[in-house]
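In structure tokens below, several structures.
Presented sequentially are two complexes of subunit A, the first with subunit B as partner and the second with subunit C.
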Partner chain A sequence: MSDLAELALLRGSLDHCIKCTICETACPVAAATPLFPGPKYAGPQSERYRVLGEPSVDASVDYCSGCGICSQVCPQGVKIAEINAQARDKLKRQRGVPLRDRIITRPTWLGRVGTPVAPLANLTLRLRPTRVLAQRLLGVHRDAALPRFAGRRFSRWAAARSSPRSARRVVYFHGCGTEYYEPWEGEKVVAILEHNGFEVITPRQDCCGLPLQSSGLFDDARKAVLKLARALAAHLDGEETIIVGNATSCTLMLKREAREILALSEDPTLRLVAERTYDICELLLELHHRGELRTDFRALPETVAYHAPCQQQGHWIGKPALELLELIPELDVREMDARCCGIAGTYGIKAEKYEIGMRVGQELFSQVQASGAATVACDSETCRWQIAHATRREAVHPIDYLYRAYGLGQPGV
Partner chain B sequence: MVTLTTDVLVIGGGATGAGVAWDASLRGLDVVLVERHDLAQGTSGRFHGMIHSGGRYAVKDPLAARECIAENRILRRIAADCMEDTGGLFVTTPHDDPAFAERFAQGCAQTGVPCEEITPAQALREEPRLHPGISRAFRVPDANIDVWKTVWALAHGAQQHGARILTYHAVTAILRDGDQVLGARVHDQRGGEDLEIRARVTVNATGAWAGRIAELAGIEGVRVFPGRGIMIAMNHRLVNTVVNRCQMPTDGDIIVPIRTVSVIGTTDHHTDDPDDQTVEQREVDQMLDDGEKLVPGFRQARALRVWTGVRPLFEDAKAADTDTRDVTRAHALLDHEQRDAVNGFVTITGGKLTTFRLMAEQTVDAVCRQLGETRACTTASEPLPGSERREHYRLGERLARKEADLNGEQLICECEMVSRQRLEQVIARTGSTDLDDIRRQLRLGMGPCQGGFCIYRATGVLHARDGLGADQADASLMAFLQERWKGVWPVLHGDQLRQARLDEWIFHGVLDVEHLPR
Partner chain C sequence: MSRGFRYDAVVIGAGSAGLVAATRLAQAGASVAVLAKGVGCTHLAAGTVDVLGYAPELVSRPLEAVAALTHENPQHPYARIGQQRIGEALRWLQATLDAGPLAPYTYVGDADHNGLHPTALGALRPSALVPSTMAAGERTQLERVCIVGTPALRDFHPSLCAANLSRAGVQARAVSVELELERADMSTLGIARRLEEPRWRAEFCARLTPLLRSEERVGLPAMLGLREPHTVHADLEHRLGRRVFEIPSLPPSVAGMRLYESLRAALRAAGGRLMLGAEVVSHTREDGRLSAVQTGAAGHAASYSADAFVLASGGFASGAIELDSHWATHERVLGLALDGVPAPGEPRFLPDYQAAQPLASVGVAVDAQLRALGASNVYVAGASLPGAVPWREASGEGIAVASGFAVAQTITGGRERHG
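The block that comes next holds the complex of A and B.
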């Protein structure tokens, strides 16, 4: 099947819509701004008016953040967020892609430029005049949470050591956030996996293409995800070897989104990679259910607020992080039930969308503040940056708690 | 009894009758048109919406092909706003005789139907859901037409030139004095009055019902075979181009993208009754299977509703009763002065929607002959009201209009994007309290939920605007629901069944419509 035929079939899921409006009531963006007319309207309803090859007439679909909650709550199986993503792609191709989107959708490129000059880059990116200028020139909101370059790369650390040989092997997909901004998260993932008897292979890898996809740059996104899939698949030697990642939106990209939204379901490599990919917490909880997870946890007498990001919910695996955190003695885990922090990848840093993103996240931020927890655990890095920015609290990946509870020591921060 | 006097009385408010009214009024004749229901509620409103390029007839009926392409070109000029320039494709699927393609290309060349062969790969790029096994593809200038918009434009145009359009007026008698037809007696089905319309010439433009009107005039032998065909509207555009199978015309071999839906058609069964709206289950099954041959997955796509159209096929002694498709599709103009020595009466029947303007032209020519006057036809160049800019309709128009006033405009019908403002305008303009009449003006309630979410809203708006009694508003709501149900139930499966269940909960569970005061 051609990718066009595949997209036409995905679009055909609009047939399942019975107008029940459940998606409209769940959409966090429509609730926060009148600029987005809502998922039912922008998705299955408007799609009936869109003609292949004719110009896009509904720029409002660009205000969809792509969080995917609509598709998750739809009781009929309409691929609402995916239809919206296609409409955005068409709009972007027609309008031309702003320079900003060309830059912020390429974390690999950004990371390579920023890492060697990290102190300077971090300082510059925190200076008010720079941010005002960046908003004016690039449309990156001056108050938006931007990550700090770590100044070192996770892959260098991984290449300099070797994981103890084992019959149980995992291919580690660390993603760009770990590579350039939070290498310590990767070091903790490796330590936890090795603690549980895995040999961890870290192939050379670049961006999965998700930022490109969510900004509607589909062709570039396809190239990126296929390149990554080949890099990871090259290490899938045995039947048992799996891929594990800690960037939950990026693992979702490999599992499902690239295949559906980018119409790549028939690519055999991507299919293999999709079948073998696990979110880190998903894997650890599955081990626990099989009685294979080490539970030699120390008590952590503290309170943590846990937020399951939208993209994590898109895995359809429940909230494994929550169950894992509850294995840790004396850890008081507070589940936040607000849906979305508002960042949606790069949506919330864009000048025209920052305020919307902050309004979307308000309920979550209030819950966090009311929880009494000093720290928030969350599976997605961009969500962590947004939550930390908005609540002035530390935000970490849930595996940080497992790492500490295992007593695995201090990674080189 | 009120008596009206006019030059021309047109009986029948389909495309042909409205076309005759428009043509005659442009020629300076005074016109009254009567229609027993609403405009374009019969055969004209019950077809698939296609304007033929002539390709379909290129092999089998070269004269029809020539007429189609000539009229196609004219309609693009005069009815631009009613039409969408979708283009058409003739494709050879694995189910078709591959040898037909050459005959088709030759037929098009001989009849002057523009036809360009493209590669199957190109066709699949343009229409990704087409059968991937197609071996040949030809591009032709097929198009679609919004027939209600067209007929209303013809009627409004005629009214601007002085014509009177009387809908819901049924003919009860043809007035005749010796060999002169003097007009007709009609019954106002809503007002309850009878009136007499005296005309110098009476035009019988009642299509499949033409035999009955001729009989009322005491004219024998006008026999019209009603050929019944079903069409199914699918929930969205599976294709954006009119797609035809490249083979001798048969059942279910055309898919027409029209407005937000795609329509597959049609079947062909002889019936004795032009009001026969039967839909047989096997016809539905056959049509869905036929769709599968053009668009794999057709059966999984959502069927919205099905309807029956009855073609007027003028009798040809050579044709067998059972297959009306072989009866001539050409139109028949009967000048009863010449045929029966009855003056002041003309019958026009047969034909196809694509050639309605030509039929009207020839009819009014005959009217002028009977009147002994020479008046030139101008409908080939005079644009219909609304089409003066000669820009074709685009599917995205309603979406674009809503986008321009995203939060200001309240949508009543979400599926077909009908705003409250537009609904109120139409209610005010037409004075109609019949939601089904309003539907044909606005496409209200014609989308996926088939009125499930908009009709109770529209009923409220109707009630508020018009000062209508609750009982009348309720009756209109119930009549609308009943009318929608008629088209939905024969194709009720899959997604549409789920929709029907939800709609049922809304109307029975929440609104308890069975026990509304009325």
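The block that comes next holds the complex of A and C.
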């Protein structure tokens, strides 16, 4: 199928739009700023005026954060967020891509540069003058949450050990957040999987291309995701072997977004990878529902606020992490029902969008503060950074709780 | 690797029928998952609960009229639900709102009486239950009324509403208030969000007050807040010094969104799960029972098995029942048999648009327990049911709430979790 035919497939979903406005009721950005008129307005309505080869009609689509909630709530199956992502790509081509968007969308490159000089890089990135300068020169908001380089790479840890052999194998897709910023999350994922009898294979891997895609750099995003798909697929030896990841937005990229938004649905490797990819909590809950998850949990007498990030919601499987956390004795789990934290990957760190992102997240931040929980559990790393920044609370992946409840001990520091 | 999740009960559809059924099931101690392609009818409906408005003449005592209707039409959903359960379901809904996140915002009225409430066009529509923010618009209380709109709200025309109310014998006039909005056009939802800001609300009242005459009630489109409707409504009545009421308007329905949020909170409090974006794309049947349904999740289908299923996916309007280009009708979610389909040669459509269109009463064929014929553990609720013409009867929400309530009761055998 040609690129054009694939685009037409997505665009064809427009015919199902009955203008019911349900997407408008759920859009967190439209509720926070008049600069974005809402998904129906920017999507199905404006799309009629977007003609191939002609200039983009509507610049407001740049304010869409790409959270995907509109597509999730649409009762007619219209691919609203995906259509808007393509409109954003077109707008970017027309306007030109700012230097900032070429830099912050390359976590692999940033990680490789920052990791060897982590203490210096972390210090520099937290100095006020650096941040003021970065805002002026690059348009990265000076107050936005930026991650800390861990100074070590998860893949080095994984390469230095071998997972106990088992008939049940999983290919681990750790993503860039685990690789450069939170290697301990990966160590916990491996420990939990091994505790449940899996042999964990960790292939060499780079970025899935999601940041590039969400900033409208589609050609580079395609290269990145196909390269990753090939690296992961090479280890899918048996029919039963699956891929599991803990970065929920990156697993969603592999499962669906790259295929739909980047018009790669016909790539056979990506299709195989999409079918075999699981989010870690999805896998663990499925194991539990068929009686195969170890539940030797010790009690954790504390309170945790759980926020399901938009990209996790985009898996369209509800909130598996919530059910997993509820298995832990004495853990008081408070479900946050606000939709979005406002970061949407790199959206909320951009100078012109930081304030909007913080307003989007306000409802969640208030709920967290009212919950009495000292810690927030959330499946996406950029959301955790934003939540920690805005609420001054620790934010961790839900698997942290499972890891502790299993009594799996302290990972390498 | 075999895949799948397991629950005691799976409900398909997140409209009012599905959410009521799921909440009741969860309250009875069942593990419940609601699978829905998207958000349902609540956001598009008026947000009132109309049990029976026309039979075919205007109905003032709905439950009495239900008795006559079901005697005449034993295929009607109410005939299988029973009068008593309609009343129980409505009282349960009121209690749910009373205990919910929007309280003291609630539903007022009962299944024995209809009130007449203005529509956006200024017609008077019979409803059994209305949101407390609409109560002051009931016809018997209306003598003089000022209908208020704003130019930015292009879906509500106060002068049209007032003119039609005047024809119905209400002394009605219209005013339009200019508001400081960042956009040239705005929906009731956008204004509802603004009205939750106290300063903005004060400004709105300051602009409206000089336009009002003494002894006038104020009617506004349903936009008095989403999260705190009671506070917004009470503050407006206080500042304007008079009774204020909401009028249902075009989608997005703010009053309907409040119902959705209230039911969603009740479902969550009872431990039920809601999966949005989870369209049922295939199913597994064994020996006349449904064993599992599969949804079109990202990457690969997700499978959900359960002992009992509730089909509350809606009728033609939602697309769950379709008439294809070969003039054949299908139930698209589970491929169940339909009832009420006009026989070959019989008319499917009548020339008068407003007539009781034959196709309108098509629904999934069910037994006296609302179980789907041919699938003994599938129960049917809401607009999926056959035998009613909801828009002529003004019975849609009543059927949805009562049938959702009834099927949950049948599945759990009336069990309720205590403690």
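The rule is short, and it goes like this: the second predicted complex is superposed on the first by the 413 of 413 C-alpha atoms of A that agree within 3 Å, B and C clash if a C-alpha of one lies under 4 Å from a C-alpha of the other, contacts with A are read in each partner's own complex, and residues count from 1 in each chain.
FYI, a contact is a pair of C-beta atoms (placed from the backbone, for glycine too) under 8 Å apart; a residue touches a chain by one contact, two chains touch by 3 or more.
Keep in mind that what you see is a predicted model, and the values were worked out from it rather than measured.
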Which superposed partner A:303 touches (first subunit B, second subunit C, both, neither): neither
Touched partner set for A:369, first subunit B, second subunit C, both or neither: neither
First, second, both or neither for A:122, with subunit B first and subunit C second: neither
Which of subunit B and subunit C A:265 touches, first, second, both or neither: neither
Which of subunit B and subunit C A:108 touches, first, second, both or neither: neither
First, second, both or neither for A:12, with subunit B first and subunit C second: first
Partner chain(s) touched by A:166 [first = subunit B, second = subunit C, both, neither]: neither
On subunit A, the residue positions that both subunit B and subunit C contact, one per complex: 20, 34, 37, 76
Parts of subunit A lying in touch with subunit C, wherever the complex brings them together: 20-22, 24-26, 31, 34, 37, 71-77, 240, 242, 252, 254-256, 274-277, 285-286, 289-290, 313-319, 323, 335, 337
Touching residues (chain side subunit B, partner subunit A) in the complex: 124-126, 128-129, 132, 235-238, 240, 260, 297, 301-302, 394-396, 398-400, 403, 406-407, 414-415, 417, 447-449, 452-453, 495, 498-499, 502
Residues of subunit A defined as touching subunit B within the complex: 1-2, 4-5, 7-9, 11-12, 14-20, 34-35, 37, 40-41, 45-55, 57-60, 76
For the subunit C and subunit A complex, residues of the former touching the latter: 1-6, 33, 36-40, 43-44, 181-183, 187, 189, 193, 251-252, 257, 264-265, 268, 273-279, 295-300, 302, 318-319
